[in-house]
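Residue numbering begins at 1 within each chain, and the chains themselves are lettered A, B, C and D in the order written.
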Amino acid sequence: MKKVNIGTVGYGFMGRTHSNAFRQAARFFDLPCEPVLKTICARNADRANAFAAKWGYQSAVTDWREMVDSKDIDLIDIASPNDTHAGIAIAAAKAGKMVMCEKPLGRNARESEGMVAAVETAGVPNMVWYNYRRVPAVTLAKHLIDDGRLGKIFHYRAKFLQDWTISSDLPQGGEGLWRLDVNVAGSGVTGDLLAHTIDTAMWLNGPIKEVSAATETFIKSRKHSLTGKVEPVGIDDASMFLARFRNGSLATFEATRYARGHKALYTFEINGEHASIAWDLHDLHRLEYFDHRDEGQLRGWRKLHITDREHPYMDKWWVPGLQIGYEHTFVHQAADFLIAAAAGKSASPTFREGLLTDDVTDAVLESAAKRSWVPVKKREEA
Amino acid sequence: MKKVNIGTVGYGFMGRTHSNAFRQAARFFDLPCEPVLKTICARNADRANAFAAKWGYQSAVTDWREMVDSKDIDLIDIASPNDTHAGIAIAAAKAGKMVMCEKPLGRNARESEGMVAAVETAGVPNMVWYNYRRVPAVTLAKHLIDDGRLGKIFHYRAKFLQDWTISSDLPQGGEGLWRLDVNVAGSGVTGDLLAHTIDTAMWLNGPIKEVSAATETFIKSRKHSLTGKVEPVGIDDASMFLARFRNGSLATFEATRYARGHKALYTFEINGEHASIAWDLHDLHRLEYFDHRDEGQLRGWRKLHITDREHPYMDKWWVPGLQIGYEHTFVHQAADFLIAAAAGKSASPTFREGLLTDDVTDAVLESAAKRSWVPVKKREEA
Amino acid sequence: MKKVNIGTVGYGFMGRTHSNAFRQAARFFDLPCEPVLKTICARNADRANAFAAKWGYQSAVTDWREMVDSKDIDLIDIASPNDTHAGIAIAAAKAGKMVMCEKPLGRNARESEGMVAAVETAGVPNMVWYNYRRVPAVTLAKHLIDDGRLGKIFHYRAKFLQDWTISSDLPQGGEGLWRLDVNVAGSGVTGDLLAHTIDTAMWLNGPIKEVSAATETFIKSRKHSLTGKVEPVGIDDASMFLARFRNGSLATFEATRYARGHKALYTFEINGEHASIAWDLHDLHRLEYFDHRDEGQLRGWRKLHITDREHPYMDKWWVPGLQIGYEHTFVHQAADFLIAAAAGKSASPTFREGLLTDDVTDAVLESAAKRSWVPVKKREEA
Amino acid sequence: MKKVNIGTVGYGFMGRTHSNAFRQAARFFDLPCEPVLKTICARNADRANAFAAKWGYQSAVTDWREMVDSKDIDLIDIASPNDTHAGIAIAAAKAGKMVMCEKPLGRNARESEGMVAAVETAGVPNMVWYNYRRVPAVTLAKHLIDDGRLGKIFHYRAKFLQDWTISSDLPQGGEGLWRLDVNVAGSGVTGDLLAHTIDTAMWLNGPIKEVSAATETFIKSRKHSLTGKVEPVGIDDASMFLARFRNGSLATFEATRYARGHKALYTFEINGEHASIAWDLHDLHRLEYFDHRDEGQLRGWRKLHITDREHPYMDKWWVPGLQIGYEHTFVHQAADFLIAAAAGKSASPTFREGLLTDDVTDAVLESAAKRSWVPVKKREEA
């Protein structure tokens, strides 16, 4: 079987989820190729070596350019902080490598435009790791909507709630904390959490037309862990917006790291003419479904346990009733990408789709700054 | 409109629920008669008078025989402790009064037999206040089963969990505590809580054939609040049994006052060939329903919110989405009785049905004592 | 005991909830006065008489001015459509009557200002029936916040979702449908549903500083049931807004009648520095509570069953574990008003508090029309 | 690092969960040794080879004796049907191999006794794969009980509900269906499902003293897929029992494959003097906890989301809020065994502990047959 040699950049949280995804995809899916964990790249050589040993990478490097230049690498997978995405992706595409990039694509649409241009010019398979599309319950929601089960959509509402930065003692930036450093991350919860909700929303409900947003930084200055200085905080701690989709539906979106009691509560609900759907990440193996066409006295929200063989992806795993978890969404995405790439294609969401999400996050930040409604940029289809 | 003059015995918890039921039934139902709270009877004259003033009774007495002997009373409603049920009911029936009796009917089947004989001989409308049949969700369950929606029944499981007697400081007997005094109550949770679960179960699933039970008294002696003496506790604190119904289904039943965290968690679940139903008293306005005939990928437990006009009794109350509470079950039962009684009939559960529940609780206590399976007495239909 | 003679205007849904509230308050609370259902007023004499018979009113009239002019009436309770509130309330206040008014106070703040002026000039006890404050779970939330349990508040989110007007066949206006007629109602879900969420929010979290809103009318024209003509729909079917409270917290609010699967799903959640609270009307007897000060491994959302005697109002009802329903919130409010009024005081929310809610709904509608942030009017304390 | 060469017998459902467990344990845990998937054994050579390729086994054999005889194998892992457990385990132990065995240990206690004797005589590390002990929520329950948080235990209730054999068309025995063949499985749900609930129960709550059971075979005869003949069904479709633990607590247990709507609903609840715990497999990443020592008005069941780093095993996985799934329980167990084995020890549950569960299932089947209470065999500690 043809091998696909993978060079991964980044050994943090996402380096682990991606590495695991490639390994597990080959065990649980029938792939047309064999993914090989070839090289891991990270700045600290010792840690890179340890990571390579743990995950079975054949080698470790400290400069990603080595991987881009290497003939042994077929696929560059970017799992490093946001400020590195564009540089690596563009170089990789130019070198003719397939490129997978952790979300968000760039720190803003301008960066992402360069990345899209690079992969489209090079014609290389590409994908952004918006993993929540591959939660089986979310994929099922997509099927139901595409089948027309919901009818005309009236409402969409999503939120992504966390509570891990409430303490004022938490430094900004540094090891494990780059998401708090605006220069590295690009923005706060807007790019980190809202981006997920926007990607899913546009996948399920089509393009967003316009937004009215507000953001807030509750703790205005924090010590930076690298410089040791107390500096103004550049990121948004909370971000929320109203939206109108092009299909006429209304929406509310909200993300925050100040919602005490929630660790990663990503939820969405869609209300259509005939049926409604709700989901949340804290019980990701469930989908709630209401169908008005059910017999009147027996209408109710169905709490679907998405573990049957006929549910998306679930024939790959165990038996009915036995749930999967968070990392499986990455496994599904790795498998889908490897299958598409073997046929020379990209997998969804492509870099171009990732750019469309950045268009919305840019509009959100602009709206919040201007205190006005802002239209989302309308792009030509690729 | 014809008046029905009511004489109520007992002003405790059940005196209040019954009095409220008669008052509210006339406001929310179209009754063929007007219930009149004529006389309240209780041993303490001052309290009886205060209760009469509060609830609008026209008079108060301290001896129920006065009500039985009075021509002004059409209906005797028994809301006093268990040891008084038989005496009052039999006398009332002999006097030609309609009789409603709080559950359980008697302290045991022998007492209940006398009560059944009395009302059947007298031909007076009668009813036992097993109020949970009239929770709209439970009534809907009955309709679904009777419609054959569940198909053949395989399993029934019920429990009634409380935690209010865990403290060893609680006295047995006395004001508000007669349920802990075996002489007054007849038994512990078996007659108090299991009786409810048995009444519902036989209504929904038919007669019980045999039982294997165990009971326990966790705290072996308590001070009696009337005598002040520490005495052996005669009641069962917990009671559980396996059962076979005559229709071949299997069952588990359990009741206890030692289930920390539960105040009145009466739950049941029924599993049939095609569908299943589950309900619990802590969210009494909901019914959970699973239908295997639903499309495969969309099968799931539906959490029905029983507040629509097409749900049993709910056209009498508010608008969809607005829930009712505990006391409404008594209102429904009062209304059903008054409607039936106006036509000279009893309402379900009749005294005879109440006796059948006592047959099961007797079998449970016998089984627990003998440590063996015990058949439930099989009676001729009335 | 002193009697309070009540004249009620309106025999619809709210006429029933109010009438029941006065009757039940006297049974379940120790009131300093006796509420007497003296006169019901409604345009249709036959129905008014039937309603009087059902609920025990001593008389029925068809012109509310008779009640205002009558010396036998102490309290005017307004349960008629929104367009009648101001006229009745002002006349009643001028006549020295106590006034209770169904929400919203006026159809807009300008109407409400006149009503506030009238009751404050006359010095008569007054109250608006924002009943959800008296859900025991909501009252408990208020106690917890006022005790400082949540610490600094970061987020508030509320929604009120219904689905009863999705059909395009539904006429606007007419019997039972005045809420769809903008001339009668003043607005759509903004005044009907959002007003509830705003009243609760400001009670719990203080004044709202500014809003950015959007509204939508999904079905643009409907037949009017009175004229028979198809006419443009003047009400908003959906209304949503972002807000900043004066205390610095952020909020999202949404109301709609196009959320398939929800009948009356009013929900709110509050996230504070130390703790969070969530509640919803479909299970109104529960409150969800998360406390970060709990031991780490045992931190979790507590699903409180608000039926214990130490919970607000619950010592008036049954025993732990047994839930109350929707109409009890009106009973609590009636009791609180009668107790306050006996001391010559108003009960919360007063007309002035009702006006503050109208200030916000006015700002919402203005923001939606202007597509810009709008500050909420800042008023002097009374 | 020292290698542990593993020979696995069986490539079905359990062969996959075990193989995955060894692979993942090395990625997510810091192990003192390196597990090597050396040899897979299965009767069909083609399938064995395919399985070896998929999972990375170095070789495949069709006779487990080859592995027992091989010096290259350190550990025999038994994932084949129940009727093969004893033979393989005893031979493996005699050959000095470490032995891991899928549950139940033997088809009955007599078989298990031989297996225990073999491993104890040989002094080899051993373990039975009762995987649910290693659900982090269940492990946390164990910690809470051992810490004395619950106080004296009053009640234990467990059930394991499935619905996959309701159709009478399902054959008994054959590929993927050996659990329906009494000769292979030993019993029906008693050994398959109740055994899990018993293992957990005794781990959490100590030894069971006596049981009263009933079993049922709803479909009395089925076609055997190997012989093609319609034959009497030997297994129990449903099994339920009452129990008393040695610590005085009461229990109900139930397992069935006829509970429509449930795929693998294993639930348990424990009620103690001070606190209670509840868990279910359909949402395995949650634990419900009630603590009576909480402040009165804020007492409620906490729905713990077991994804924090301080929860058992969860520091090995992702970040707070992100759940794991079913197969992780096997990963935990593999890791625990490999760590223990490196120190020459067994991991819990050992074969001896597995035998104690078989003692209870034997007692259950005997009680059901005799229709009487049966004491559970009392054994000396090893």
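Going forward, a residue touches a chain if its C-beta (ideal position, glycine included) is under 8 Å from a C-beta of that chain, and two chains touch if they have at least 3 such contacts.
All values derive from a computational prediction rather than experimental measurement.
Trainee: Just grab the chain with the largest centre-to-centre distance to chain D, centres being mean Cα coordinates.
Mentor: C
Trainee: With contacts defined as at the top, give the pair, B-D or B-C, that has more of them.
Mentor: B-D
Trainee: Return the distance between the CA-based centres of chain C and chain D, expressed in whole Å.
Mentor: Taking the mean C-alpha position of each chain, the two centres sit 55 Å apart.
Trainee: In whole angstrom, how far does the Cα centroid of chain B sit from the Cα centroid of chain C?
Mentor: Distance between chain centres, rounded to whole Å: 36 Å.
Trainee: With centres defined as the mean C-alpha position, give me the chain B-chain D separation in Å.
Mentor: Using C-alpha averages as centres, the distance is 42 Å.
Trainee: Where does chain B touch two or more other chains at once, residue-wise?
Mentor: If we look for residues of chain B contacting two or more partner chains, we find 262, 299, 301, 305, 308.
Trainee: Residues of chain D touching chain A in their complex?
Mentor: 13, 17, 20, 23, 27, 54-55, 162, 164, 262-265, 281-286, 305, 307-308, 317-328
Trainee: Touching chain C in the complex: which residues of chain A?
Mentor: 154-155, 157, 159, 161, 163, 166, 212-214, 216, 218, 238, 240-242, 244, 248, 250, 252, 254, 256, 258-262, 271-276, 290, 292, 299, 301, 371-373
Trainee: Which of the residues in chain B end up touching chain A in this complex?
Mentor: Listed in rising order, the residues are 140, 289, 291, 294, 296-305, 308, 310-311.
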